[in-house]
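Here the structure comes first, spelled out in structure tokens, and everything after it is commentary.
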Amino acid sequence: MTDLEPALRDLVIANRILANENVVDAYGHVSIRNPHNPERYFLSCSRSPELVQRSDIMEFALDGTPIGGDARNPYLERFIHGAAYEKNPETMAVVHSHAEEVLPFTITSEPLRPVIHSAGLMGPQPPVWDIADKFGDTTLLVVDMHQGRDLAASLAENRIVLMRGHGFAATGRSLSEVVRVSVMLPRNARILTTALQFGGFKPLSPGEIALRQNMNPDGKEFYRAWEYWATRAGCGDMLDSVSG
Amino acid sequence: MTDLEPALRDLVIANRILANENVVDAYGHVSIRNPHNPERYFLSCSRSPELVQRSDIMEFALDGTPIGGDARNPYLERFIHGAAYEKNPETMAVVHSHAEEVLPFTITSEPLRPVIHSAGLMGPQPPVWDIADKFGDTTLLVVDMHQGRDLAASLAENRIVLMRGHGFAATGRSLSEVVRVSVMLPRNARILTTALQFGGFKPLSPGEIALRQNMNPDGKEFYRAWEYWATRAGCGDMLDSVSG
Amino acid sequence: MTDLEPALRDLVIANRILANENVVDAYGHVSIRNPHNPERYFLSCSRSPELVQRSDIMEFALDGTPIGGDARNPYLERFIHGAAYEKNPETMAVVHSHAEEVLPFTITSEPLRPVIHSAGLMGPQPPVWDIADKFGDTTLLVVDMHQGRDLAASLAENRIVLMRGHGFAATGRSLSEVVRVSVMLPRNARILTTALQFGGFKPLSPGEIALRQNMNPDGKEFYRAWEYWATRAGCGDMLDSVSG
Amino acid sequence: MTDLEPALRDLVIANRILANENVVDAYGHVSIRNPHNPERYFLSCSRSPELVQRSDIMEFALDGTPIGGDARNPYLERFIHGAAYEKNPETMAVVHSHAEEVLPFTITSEPLRPVIHSAGLMGPQPPVWDIADKFGDTTLLVVDMHQGRDLAASLAENRIVLMRGHGFAATGRSLSEVVRVSVMLPRNARILTTALQFGGFKPLSPGEIALRQNMNPDGKEFYRAWEYWATRAGCGDMLDSVSG
């Protein structure tokens, strides 16, 4: 056991939380940057997040090459992760999800804007990236670094980017933060969808969004949610003894 | 064991019911006024309601100060509770929730009105409180007594107040009553949302609302729901032997 | 054990099925006419359907008087059942439900019509009964035979009647049939709700409805659903060995 | 044990997956063509898919006649399967489902089109077959080969056909493929339903659809979903040791 173990254990918990909260399903994934080496990241081999165990975690160079000749089958779309780490040195964790409530906002001109306090973290209006704009007809999967870097570039100053007909990629300053925003994004999408049925709505103000985005990503008030989600996901026994 | 124990055990059950019925999740909370001392109330330490146990319950003065030097981490938003007790001496229990079906009614001009008999308890039209009206840009959290009292004042003669982009606060003449109205509010919101899609709808009449609001808050017909919700939440063994 | 036992065991199963399929919850109930005495019916004492056991079943005269001086707490709304049996001698089982998907059709002018084959059983267009039309402001509960008979009269030639702001009452030629239509009614309501968003829709034709309504209420093809629903509800061990 | 066993075990898994993913419920079914004899197919006896076991599997001639004088009660609608195999020699597996999210597209003029990458497999626009067009008033069930063949003919070059007021029939080049498209079809329907509320939407392009339809139906990237769905459905122990 090395001092990476707590971080890798939390990565397993994050996989299970995202599955249990319906952010990912058969597909979708979550990674962390190696806290000791910013040129590498950790991500499971090709396995649905609900089934991921500690032994499934692989290490990759930012260009997606497995470290140490690891020959296991990797996720085809791992380039989403490496390109996001390459783009922004502050990004320490990445989620890719197909959460269906978000999808209508990727195929229409309706912008996804934050309307609830817990989703302020998403920023004022995540951009929508259409793989066809640069790459034409594809399977819509992000399967190499050219595509990954084009996606990452579209993030600009945002932490989240929507992907047309596919899902979203979210980045965070910590694993806890990216899990939190990934859970809140579909919820915000559901609430906004209903509000749009009613007519004009009031989004969070720019000042409110900034205040939410600037909260300490690992503030103790957020441990409450991590503990709750982990326990619901059957990972209560993997939690350390930090009290929140 | 003191004679407060049955009330505190019911407070634990209420936490579990509200979690299991999807009224609260990682966040949200429920309190009771101390039945022996109207200047104090009981509320869990900072923990998600589904995980609350008897040992997590703290006691607070109405201004939010923990009693007896209890140093555990309290909910940041406990001021919602104290201010509601301060405002109305008949209020014996308070719920704060982020239930998402209610949220669209907090960010649009569409009023949330009771359309089903079991939601008559909510009153004819709960007001919407916008923290920004008095406090400008915030995280939207109610973090001191100034904000709590402003929220409580907006209740006026109502038992429920909606909070813009955040959730609702509900007050009850008993714990059973506030749990009941908190469960019914999201359901009423879902039904009204669909009815609004169809066009004109018939809300409960003022007379029907008054009759529902004046029902005995602990009538024996209501024990049926308490027993059912508690059993579903895994608390069947905590129920006393009262038959309903 | 008498020869009523198979019927009463099926009544317990029906309670559990309706709860597990989200047709009833804390409230709502299901009864059968006494197969040996058409002037009496069987219904649980006041308990949520998911919790009903064989020992909870009471027998009532059609006017709602408990048989044999049974002093247990009965459902306040048992008059829905007795009045339905009184109205139609072919009615052998009755369900009262608050299923929320049906509620929007009780408070708007949008008619609930059958659009899927499995809901043809509901008839071409169930009427909506508004308790206020004859009884003015009430709690909306059906608490005596005057109200029960007014509701039953509104059935006219229909098997189902919607109740404004409250729910529905369904009658069947057998317990299996009334359970089936009660499960299908909310599903049909959901599908119709979405179709109404799209615009014009094609309901079942009068001929299709008649063919569905005239199917043998206990045809062997229907046992498949009863077996499935009972097993899902944890009642597999209560099924008899009839194969379907 | 013969070499058919792996295929029949997978057919049992497919039944459980489709039930657990809410594609089928009390009704609906899945079959495979006999890999050794294209004139025959395997399908459960009349039992809800969640309850199907290896011993329930029957073998049929394409016209629906049970092989070997098997006297168990077959599905009334087995003709959907035989006619689909008869129509297209490449079809190796068939699903019939009533998944409710798809139903609104069968009773309105709104076409069901693929908007998410994982649903490209469904083709550009599945046709809608109305049994009444040729057969007039029926119970809407497909109960003989005349009806089955009329349905199969309506497939034309498509892999999926919607059935008015009833459900859909899906065909696949493999069992895994037909399960996958059957899971994705309701999801695509939900997303499209919301997008239609917002206004104009961008469907997958013809080139994107073709690329998705031409993917290897048993590509290793798809095993991830099969493993996940099977595990969620409680069939993890029935999986073989193929790694994906």
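The letters A, B, C and D name the chains in turn, as written, and every chain counts its residues from 1.
In the analysis below, contacts are C-beta pairs under 8 Å (C-beta built on N, C-alpha and C of every residue); 3 or more make two chains touch, one makes a residue touch a chain.
In this text the structure is predicted, and so the values were computed from the model without any measurement.
Chemist: What is the minimum number of touch steps required to go from chain B to chain D?
Modeler: 2
Chemist: Roughly how far apart in rotation are chain B and chain C when fitted on CA atoms, stated in degrees to the nearest 5?
Modeler: 90
Chemist: Look at both sides of the chain A and chain B contact and report whether the same residue positions are involved, with over half shared, or different ones.
Modeler: Result for this pair: different.
Chemist: Compute the distance, rounded to whole Å, between the mean C-alpha positions of chain A and chain D.
Modeler: 32
Chemist: Centre to centre, by mean C-alpha position, how many angstrom separate chain A and chain C?
Modeler: For chain A versus chain C, the centre distance works out to 46 Å.
Chemist: Could you tell me which residues belong to chain B and also touch two or more other chains?
Modeler: 197
Chemist: If every chain is a node and each touching pair gets an edge, what shape is that graph: line, ring, star, complete or other?
Modeler: ring
Chemist: What part of chain B is in contact with chain A in the complex they form?
Modeler: Residues in contact with chain A: 25-27, 46-48, 50-51, 73, 76, 98, 100-101, 103-104, 107-110, 132, 136-141, 164-166, 193, 196-197.
Chemist: Can you tell me which positions in chain A touch chain B when the two form their complex?
Modeler: Residues 115-118, 120, 187, 190-191, 194-195, 197-205, 207-208, 210-212, 215, 220-221, 224-225, 227-229, 231-232, 243-244 of chain A touch chain B in their complex.
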